[in-house]
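Here subunit A shows up in two complexes: once beside subunit B, once beside subunit C.
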Partner chain A sequence: MSRRTRFAVFAVGAAGLVILFVLAAFRLPDFGGRFHPYGERAVTSAIAEKTKNVVSSVNFDQRAFDTVGEELILFASALGAVILLRMVRREREEEAGEHGYGPADVFDALRLTGYLLLPVTLLVGVYIVAHGHLSPGGGFQGGVVLGTALHLLYLTGDYPALARLRPVPVFESAEALGAGAFVVLGLAGAGLLIPMNSVVGLEVGCAFVLVLAKFFEQALLVRTDDAGTEDS
Partner chain B sequence: MVQAAIAAPVLIAIMLAAGGRRLPRPVVDAVATGTILAVTVLLGIVLATALRHPVVTWLGGWPPRGGVSVGIPLVADPMSAGLALLVAVLTLAALVFSWRYLVEVQAIYHALMLLFTAAMCAFVLTGDLFDAFVFFELMSVIAYVLTGYKAEEPRTVHGALNFGVINSLGAYVTLMGIGLLYARTGQLNFAAMGARLPGQDHRLVTVAFALVCTGFLVKAATAPFHFWLADAHAVAPTPVCVLFSGVMVELGVYAIARTYWATFAGAVPGARPALAFLGVVTALLGGVMCVLQRHVKRLLAYSTVSHVGVILLGVAALDHDSLAGAAYYLLGHAGVKSALFIAAGTLLNRFETLDERELHGRGLRLRASGAVFLVGGLGLAGVPPSGLWAGKAVMDEAAQRAGWWWAAPVGVVASALTAGAVLRVWLRVFRGVGPSGGGTAEHEDSETGPRMSRLPWTMLTPGVILAGGAVLLGLIPGLLHGVSHAAGLFVDHDGYVSAVLSGGAWHAASAPLHPWTAAGLVGGAAGVVLAAVVAVLGLHQPVPRILRPVIDRLRAAHSGHVGEYAAWLTAGVALFGLLLFTA
Partner chain C sequence: MSHLPYLAAGWILLAGIFGMVTSRNLVHVVVCLSVTQSATYVLLLAIGYRKGGTAPVFSDIKPTGKVVDPVVQAMTLTDIVVNATATALLLALAVQVAKRRGTIDPDELRPLE
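For the complex of A and B:
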């Protein structure tokens, strides 16, 4: 199929999608209406269970099974990143023993910012996880902050320190532990918001560390590959 | 009980992922297989219970109060419980086959297979549209990883990437549809959403149905959403193909049927012709593409496309008997196709190639695999008393009553083309018939590692049992009755809604099915005879000149270019919407 035909097929389809959405927009409810069927139900149920944060109540209690599924998606994605981004035979051969993991040249300002922000960001992550049952935030959001915080070291260019702080097998096991604990808590029943938030934070944080680690590894590998081809 | 069947494989998978690398491989195999065996038993009990009385479980203790709930139910009716059991049985076969076949894989492979099983079971058992979407995503993510497992080869990465991109696009469209429905009804539960549809604008309802179904149609590999399937099947490890073709793809059709009857029943008049049109096109296109392949796995993949088209056509009649026929057909197809993939895996293991011409006459000594190919080919052709034959006879009778005289011939053509291709492979590879030569000497990874002196029983028995069972399915009278009962409950919208939302009774009148009719036997015979003709012609005749431009065009359309696939997907959504509004 030529580029033009492909674009034509897509354009016809996209136009059709637009028309479908316009058709779906007839008889919309009035702006600012008072009809909020789900909101009312969810809030009433949360208050009946004496949960202060309705969003957490929906996530970890009322629709906990969805959250289990989403957790497992993240878990499976991290496993997938570990498997699919493993160093495959071909790359190992081409690499010819040359690693590019030493400290890199970065601006001093960047280096300083990274080192200073690392503890602060970790603290913010813990805070967001710990207060998930009270205020906006929770395990998912806090976990992402925690997982990315470690990679501030990547910005500083201090790859050896990053590798020491982030032993991949430990994070793999911790991730599995978090996911398993969450499934068990989910089965155990309602009202366990604080432990649930914590294990979600653990799982999400570790999963992000794993995924980012694997991607950075690939990026570094590619760089050494490039160097190899230039030499030859 | 139902929760345990989902939670057990998840927990074991997590443990295997955490500590499996320290365990020796036989222990990992035993743990994974034992878990799935336990899940199979559990789901068998669930099915037996559901046959007496469907079971609705509200998770986390949030039962509906006054007909509304904020929680998520698992609904085990005979259809969903039966499909979950099929998932478990096929996983069991795939894992046993993997013992000696995938020697190089580690515990993460087993963890992923267990998670995959749990995801598929949760997907069929849930009674909540958004929850179904979550597990649709989980199942897809795992499927991408399993497809790309042999990431050493660029082809594998290409196939897995196409699969991932197209399925994710489909999932986005489904999510948009869920959003539309949720915004207007404030509900995510199938039953509760359906209860609020009557007052809604019919255009909104139709658009939402089109969008929600798109992701499921992509999963079901319905034309023009089918392009990913062959690319993914050609590169995925063989045990994974067993699960993909045997049941994952069919779950797309199940989801469409579930969404229709639980939520949209009667609200989308265009659904019948629109789904029937897509089913017919898919059945025929898949059949033609199947005959044109010479890579055995790719050939089997297109045959799946074709047969799932037939199943979609059976569902599209939106009628009790036809749905029962489709379910029976699905069961028969699952057995036959899984067995064929396993047999293809033994070929790859022995000869490191799946090129049909390269394999000419080399399978003479592989008696068990040859028998599976012969029986599988005949099963696909619809030889009585195979499950495909019984299902098709029942579907055809229902179609005849509805005035769809063309449905039976479409089914026969699909059977003849796909079975003809498989029988051609049997003749050429296992009997050495026809001219030799013309093969490409391109070798594939044998997936096994060091060569074994002979094939172990773990690589033969699952295929033989599955193929044998599928061919005898039509003889089990209790099964025919059970499937009819399951379909009767499935199409009872009011019963579903009252059982889920208020714990009401859910009974259905089920009429016994009769596949042993004159028309059914004629259909079966026609399928077998035509398949034999296709097979023999395929051995000796090149494609007639007059058809060449068309066929070249078809081949060119299945290019492997993911941008083209995405363009077709977009156009497909528009086409489906147009059909729903105009037909």
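For the complex of A and C:
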């Protein structure tokens, strides 16, 4: 399809979308209105369960079973990304040290900041997971903080240290364990906010670490044999 | 004017699709898809907004306090998680396309040999 045809198809589709969307938007309830039947019921039910963060209550208590589906989407796409980024024929993985991917030449201030922030960020991640039922936060948000916190080490220029800190097989097992535990908790029923938050935190954190690890491998370590000479 | 936020969501949706249609770079396509999907965040949060409402977290407000709709906020959270994972998956595909075909311009990709 040429660019012109593609654009024409888009223009027709967009025109239709605009008409239908505008018509639909004007029949939606007014912005900022008072009519929130589901919201009110969710709030009432969360307060009855003494959960202070209603969003967490909706996700891990009232709609816990739906969150299992979401969790499996996350698991499946992390798995998909890891499979897509695996080594293929004609490729080999280089040792992290082989190309002098040792501590890189970065400013001392940057290195120090990274090392100092790593434990603080991990602590913040744990706090966000653990307080998910009381204050804004929860397993998903905290898991992202935990998973990306480790990569502060990469920003300090020390890829080998990062590679040592996150042995991929361990994180793979933890990821699978988290997903399995979440399905069990989701089927077990309602009211398991704290364990669910923790398990989700574990799984999201591991998923991020795994996917980022695979991207790092692609960028830093994997070389095709015939192009083995052009690198860094 | 009370429907303006909904229309803004529609505008973001169109901007994202336009970017995908005219894109010449697969990474750019993935980012445009993220933009497209963020239209749903705006729409969901706009529907859940309540005038004068605050966040639906009762750690420091009375249980009778006025809050915005928590159900759509939970859905937005789901949406963000799905968006992040879909982005990772698509970027992985883009990496493989770049390796196999040596290009990430969608127009230069031919049907599978």
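Please note the rule applied: the second predicted complex is superposed on the first by the 206 of 232 C-alpha atoms of A that agree within 3 Å, B and C clash if a C-alpha of one lies under 4 Å from a C-alpha of the other, contacts with A are read in each partner's own complex, and residues count from 1 in each chain.
Throughout what follows, a residue touches a chain if its C-beta (ideal position, glycine included) is under 8 Å from a C-beta of that chain, and two chains touch if they have at least 3 such contacts.
The shown structure was predicted, so the numbers you read here are calculated from the model rather than taken from an experiment.
Engineer: Check the residue A:207 against both partner chains and state whether it touches subunit B (first), subunit C (second), both, or neither.
Structural biologist: The answer is second: A:207 touches subunit C but not subunit B.
Engineer: So, does A:80 touch the first partner subunit B, the second partner subunit C, both, or neither?
Structural biologist: In the superposition, A:80 touches subunit B and subunit C alike.
Engineer: Could you look at A:59 and tell me whether it touches subunit B, subunit C, both or neither (first, second, both, neither)?
Structural biologist: second
Engineer: Identify the partner contact of A:70: answer first if only subunit B is touched, second if only subunit C is, both if each is, neither if none is.
Structural biologist: Both partners, subunit B and subunit C.
Engineer: Please indicate which partner A:16 is in contact with in the superposed arrangement: first for subunit B, second for subunit C, both, or neither.
Structural biologist: first
Engineer: Does subunit B (first) or subunit C (second) touch A:6, or do both, or does neither?
Structural biologist: In the superposition, A:6 contacts both subunit B and subunit C.
Engineer: Once the shared chain is lined up, is A:26 touching subunit B (first), subunit C (second), both, or neither of them?
Structural biologist: Once the two structures are laid over each other on A, A:26 reaches both partners.
Engineer: Hey, what residues of subunit A end up touching subunit B and subunit C alike?
Structural biologist: 6-7, 10, 14, 17, 21, 26, 29, 36, 38-39, 42, 58, 63, 66, 70, 73, 77, 80, 84
Engineer: Taking the touch rule as given, give the residues of subunit A at its contact with subunit C in the complex, in rising order.
Structural biologist: Residues of subunit A touching subunit C: 3, 6-7, 10, 14, 17-18, 21-22, 25-26, 28-34, 36, 38-39, 42-43, 46-47, 52-55, 57-59, 63, 66-67, 70, 73-74, 77-78, 80-81, 84-85, 134-136, 138, 140, 144, 204, 207, 211, 214-215, 218, 224.
Engineer: Give every residue of subunit C touching subunit A within the complex, in rising order.
Structural biologist: Interface residues on subunit C, with respect to subunit A: 2-7, 10, 13-14, 17-18, 21-22, 46-51, 55-59, 63, 67-74, 77-78, 80-82, 84-86, 88-89, 91-93, 95-96, 99, 107.
Engineer: Which residues of subunit A touch subunit B in the complex?
Structural biologist: 1, 6-7, 9-10, 12-17, 19-21, 23-24, 26-27, 29, 35-39, 41-42, 45, 58, 61-66, 69-70, 72-73, 75-77, 79-80, 82-84, 86, 88-90, 172-173, 176-177, 179-180, 183-184, 186-187, 189-190
Engineer: Can you list the residues on subunit B that touch subunit A in the complex?
Structural biologist: Residues 3, 7, 10-11, 14-15, 17-19, 59-62, 68, 70-72, 108, 111-112, 115, 118-119, 122, 126, 130-131, 134-135, 137-138, 141-142, 144-145, 148-149, 151-152, 160, 180, 182, 184-187, 201, 203-204, 206-208, 210-211, 556-557, 559, 561, 563-564, 566-575, 577-578, 581.
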